[in-house]
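Listed next: structures, encoded as structure tokens.
The two complexes that follow have chain A in common; it is paired with chain B in the first and with chain C in the second.
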Partner chain A sequence: MREAKKITRIMSGTDAVAEAVKLLDIDVIAGYPIRPYTVVQNAVANHIANGELDADFFWADCEHSQFEICKHAALTGARVFTGSSGVGWAQGFEPIVIIPTLRLPMVLMLGNRAFDDPGTFGVEWNDAFTSRDLGYLMCWPESPQEAFDFTIMAYKISENKEVYLPSIVNIEGGVLTHVARPVEVPSKDEILEYVPPLELAFRMHPDKPMTYGAQVDSEGLMVLCEMRRQAAEAMENAKKFTEEAHKEFYQKWGRQEDPYFEDYYAGDAEVVLFTMGTMGWGIRPVVRELRKEGKKVGYIRLKRFRPFPDEELKEKLAKYKTVGICDREVSLGAPKGGGVIFQEVRSSLYDAPSRPLLVNFYAGLGGREVDPPAAKEMYETLLKIAKTGKVEEPVRWIGLRR
Partner chain B sequence: MAVVEVNFRGVAQTKVASNIVNMVYQANVEAGRTGMTFLRWNDSPQRVGIPTKIYVVTGESLEGIEGTSIYEPETKNVSVALDDTMLFGMEAGGNLGIESLADGIKEKGLLVIVTEHDEETIKKYLPEAENRYEYVLVRGKAPFAGLWRPLESSEMTHIKVLGAIARYYPEVFTYEEAKAVIPQESMEAFEDGYKNSIHGEMTETGIAREKPKWPSWKELPKYANVIPAVEISGKNPHYSKGTTKTDIPVINKEKCTKCALCWIICPEGCLVRTPDGYYDVEKKYCSGCGMCESICPPKAIKMINLIDYKEEKLEGGQR
Partner chain C sequence: MAEEYERIRSIVEAPLEEEYVSGHRTSRGCMPALAMRLIAKAAGPRTVIVGATGCMYVANTSYYTTPWAIPWAHTQLGAFASAALGTAAGYRAQMRKGKLKKEKINVIGIAGDGGGGDMGLNALSGALTYTEYNFLCVIYDNESYANTGIQVSSLTPWGALTTFSPGGKERFFHRREKKNIMGIVAAHHTVKYIATATSGLPVDLMNKVRKALSTGGPTFLYVHTPCPKGWEYHHKDSRKIARLAVETGFIPMYEIENGELKFTYRPKKRKPVKEYLKLQGRFCQLTEEDMDRIQKDIDRRWEEWIIPHTVPIKKESILR
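Moving on, here comes the complex of A and B:
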């Protein structure tokens, strides 16, 4: 680990993302206001106005245009940044589905927000999960520091020629977007040494006219299937390069050693809660409290959702008696009526030699806070199940008024 | 097993073509056999004027085709063309290049052509195939009874085609078998096709067209969705639209005032300015839409049927 001059500043998650893209020297950003994405575009606009960043800011007429502008800018080889939230993400969905197929190494910030109607500003993960199968690399930072780190790494991994798939940095709306903590900020030189300027292998240039995203429908039966396979290979590569990016990041700055998980009292635990994002804020104090009472509880946080750390997860969770999985979105009509993370974990564990009992908690829906009492309720349920060995209700709603 | 292929133009003839294959199928079912029909979806049957195909396979069993949704027969017994301008080939959406109506036709197979032109003219344009085949000319206009017009407005061409098949290729269905499914009011057209179609033989043979080979996912360029484009103001040879047209504009330079409206309106950009200020048509890229004809103020542009054009029957137009 190299000793670098550390500058610590107080930032919210969105400020941290804006600071990261400033230091990454992005060329183009497009904006259309929707909270909580608005905060980040305003922050980047400030950087440009203050002369700290030389980038083109496009004020789009809607999210669809916003993503189109950035998609086309990215085709010219520009390093771009944009993003949205909830229904704004839905409005921009047509270009959003195309970006991975075009193999553009773009980085998008998704300020997670529940879909309207009914109008709500609270966080849910469903906006992100609309895009889970499209070929995006997805991470869920927990703190402003991690939002900063993951944004830097997102460019590093996506811009690798063997990957060339876009990334979504999920910043939970109303939680991480609006809460400030200290962030260690390396110098621009250090960042650009870690993520060198982008040299897109197939950039658009007037000297060499190319057709991008040509209609392959007619040939589709002959080519599209092969293109999908190529993208699948890129996703396999992404896993390898994610691990490498973390290794290099850790060597440089001494953070983010483990690319996939963060353990909290999980080593000798019997029951663990497993989730992503900021839910651990309310869970950690409860873990400490229960540990004082001698109860072997732990907490594991998943940092990256795509590519999914399948084998690693299997190895990690197999040893526990009971695992509770928190989902911050509902997946209506899914097996057991459980959420997306629940389905993914169950599927991962299918061929594990031994499997823990699994319970799904719908927690924090619509931005409802997962506070210590809610976390306590979940741990008590898990401990009871570990004792009886029976899961009577596989899916439970936490924080629901009854 | 007998394979009948109907070549038609998207949207405008989809209904007529489907009706032909459905009735062939129906007659075979009534006669105690079985079958299946396949619309070649990979072409663009849902796009106006683009040539495409629909197949019907009939026989004693479905062996060999059961479980198939994309059917591309190696050989065919009967090929029907609902429009004689498809004799110049058909470039469907499938990037299979320009296909010939007689590709894969069996020895002594039958090519049925709906045409108003005389036999001597059509014979000049009959495509060469690997095998010798017979042809039948069904007398009538190309039936354009598609999405918005009832089938009857096609002057019962579809029924005439069935009559011609029953007479000259009874392996598909016999006269009696066909009669069982022809509605009473259509019998006149059926008899007309049966009796009055012109029959002959094409004896010159050519070589089989090579089918394109496609690369594996590892052979494909790494970012496969990026392909070389044409230069600015150039034209893409892969999208020539050459076989989409039935008619082509002919410009009478004596009437032309050089107003350039045709040049402006042409959606394909296929009108080319000549050094003396007139306009020529780059035929390969013309889709035959006729917008130049409709906008021309002095009526110097006239759309002419492709075969008439080749025969130089220009009806007042001038090349």
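Moving on, here comes the complex of A and C:
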């Protein structure tokens, strides 16, 4: 018999995040409208309006204020939720860079969106990659269920005293933000057992007066170097606690066993496509089709980008002949002109005993659909490279209209 | 209506306890530092402060030598009001939900004229509309970006020399008028208490802090704070200059409480502004005509505006 507690509902990725926010008993929320982030704020506002969530909700005057409101509410020990998209993220960037240096365990949702100009609502990952070096834990869910699960886990990992670094839950804009699928929702009690109430160790309160963010000098006390080092250690800890969080999550709800990867026909494959987010929606049917033709193709999805699963990735990718890496953003002027994921994977594999051939695909830019023909084009390229053993063009643009 | 607040009748009645002590690195005669001390003293130990980047952060709040005996957090240059609002919200939500002991905690957001009057203006305007939250926003005005080395802000007076408006062979090029920040804040009818004050009148300043905090909701205080370094005068003249700013009518002293305006210091006869200007090196380029221009502007503000120094609408235009 099915467990009585399990409730399955149809939700979009943002509805799922809002559902997690509701169950996590968030105290303070601030929003500022920008598509596609707006939809999560709408959903959270509905929860409050219906009396399902008791939180102080702010309609900020801009993203800068939005993040400042939440940052300082978090400093009082409140559990907060906020986020943005694209150029809105850029507008709020000043507090965004401060949140990890203050070691605040906040969780932000980033509805990934290409930067203007030209104005667009389509997804790219550049808004997230502005923040990749700042000290955020970053994950890229693929389905509404994962959006829910990863939001819950983000609070658990970030709020760990050994971590105290913020998280960004990346929900691909226009794709996962809006597309609805079934989501299994545990009870609030179960969630709060998994993520206990936040007891911030350095809460700003008159009972324990402290000065936060005092000016330091580089030579005299040199605390800035030491603080950077502490944050680096916290990021190392984050990896351990991410794995623990997944283990506990899997034991409780039977999902999310692997913290870093999802394999699809990857076990015996010769060539694989490697990417994050929702691109697999168009890739998986092509894998099945090519498998019917006897071609050994597979697909691997990276679920978490920070902390980067360096050693695991090395182990994972070493056995393939050719790996194609899809980037949904352009990194202008980077080595080979390749994207951010490409650079990270190349760097990870540098000291591997054996390395696959790598090729980078710019795919799905500006939200252009990575449809089966696009996926097919990428697999054909990979199979050709596997056969010839030569990468003539390390970076290719997919779906480009000429 | 405002709650009762404990009024300080004279400086000898002020609390002996200091919440802002040694450890800062401000110059002698620094009136912003005096304002910090008086604000913290008046607010007392159950207070938290969020301070924007500015001279009262960089010169004032250093690692290991913080002068703050009460909790103090840095916030970004344009964020004093949004940070104060967020702090107040954090306490309010947690106290309502039983996560924190219920008590009154004073929340004060402080910025300079640059952080508050330029960059933080939209955050201030937005925060002041949240009437359910109790916090006090303070702008201390030393009429320049002093932390970065005395640059023009929108509250720098006409004709003042700064490093962005230096003296030279040409006629001075800072020809912007000082922004009417009080008029802007006074337009926010959601604010039950706003006042001007100066480090030169400490008892008045402390009482205004207490009154603002006891009034509740978002409240606002403007504090005029001379800066010996930026204004180029001898530090022994700090108090004199602060008072002259009031006595010449250059900076008016008033409070607006629930829509009622009250002048807390009204000079019977305004001293000539020349006395104020001539003590300061930053005005050394001004000619007699320039000083007359400033004098006329002050007279106009006091005599022609429907609410002196606040609402720039001529009295007679209303009667028409």
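Note that the second predicted complex is superposed on the first by the 393 of 402 C-alpha atoms of A that agree within 3 Å, B and C clash if a C-alpha of one lies under 4 Å from a C-alpha of the other, contacts with A are read in each partner's own complex, and residues count from 1 in each chain.
We take it that contacts are C-beta pairs under 8 Å (C-beta built on N, C-alpha and C of every residue); 3 or more make two chains touch, one makes a residue touch a chain.
Quick caveat, the model's predicted, so the values are computed rather than measured.
Once the two complexes are overlaid through chain A, chain B and chain C clash, as defined at the top of the document.
After overlaying the two complexes on the shared chain, residue contacts for A:Leu192 are found with neither chain B nor chain C. In the superposed pair of complexes, A:Val223 makes contact with chain B and with chain C alike. Look at A:Leu400: by the touch rule set out above, it reaches neither chain B nor chain C.
By the touch criterion stated above, A:Ile10 is placed in contact with neither chain B nor chain C. By the touch criterion defined above, A:Gly213 reaches both chain B and chain C. In the superposed pair of complexes, A:Arg103 makes contact with chain B only, with no contact to chain C. With both complexes superposed, C is the one of chain B and chain C in contact with more chain A residues.
By the touch criterion defined above, A:Ala49 reaches neither chain B nor chain C. The superposed model built on chain A shows that, among 132-140, 186-194 or 240-248, the segment of chain C colliding with chain B is 240-248. Looking at chain A, you'll find residues 209-214, 216-217, 221, 223 touch chain B in one structure and chain C in the other.
By the touch rule above, chain C contacts chain A in their complex via residues 45-48, 50, 57-58, 61-64, 66, 68-76, 78-79, 81-87, 89-94, 96-97, 99-100, 105, 122-123, 125-127, 130. Those residues of chain A that touch chain C in the shared complex are 25, 27-28, 30, 54-56, 58, 60-62, 64-66, 68-78, 80, 94-95, 98, 197, 204-206, 208-217, 221, 223.
Taken in their complex, chain B has these residues touching chain A: 42-44, 70, 92-95, 214-217, 220, 222-232. Of all the residues in chain A, the ones that touch chain B in their complex are 101-103, 164, 201-202, 209-214, 216-223, 225-227, 229-230.
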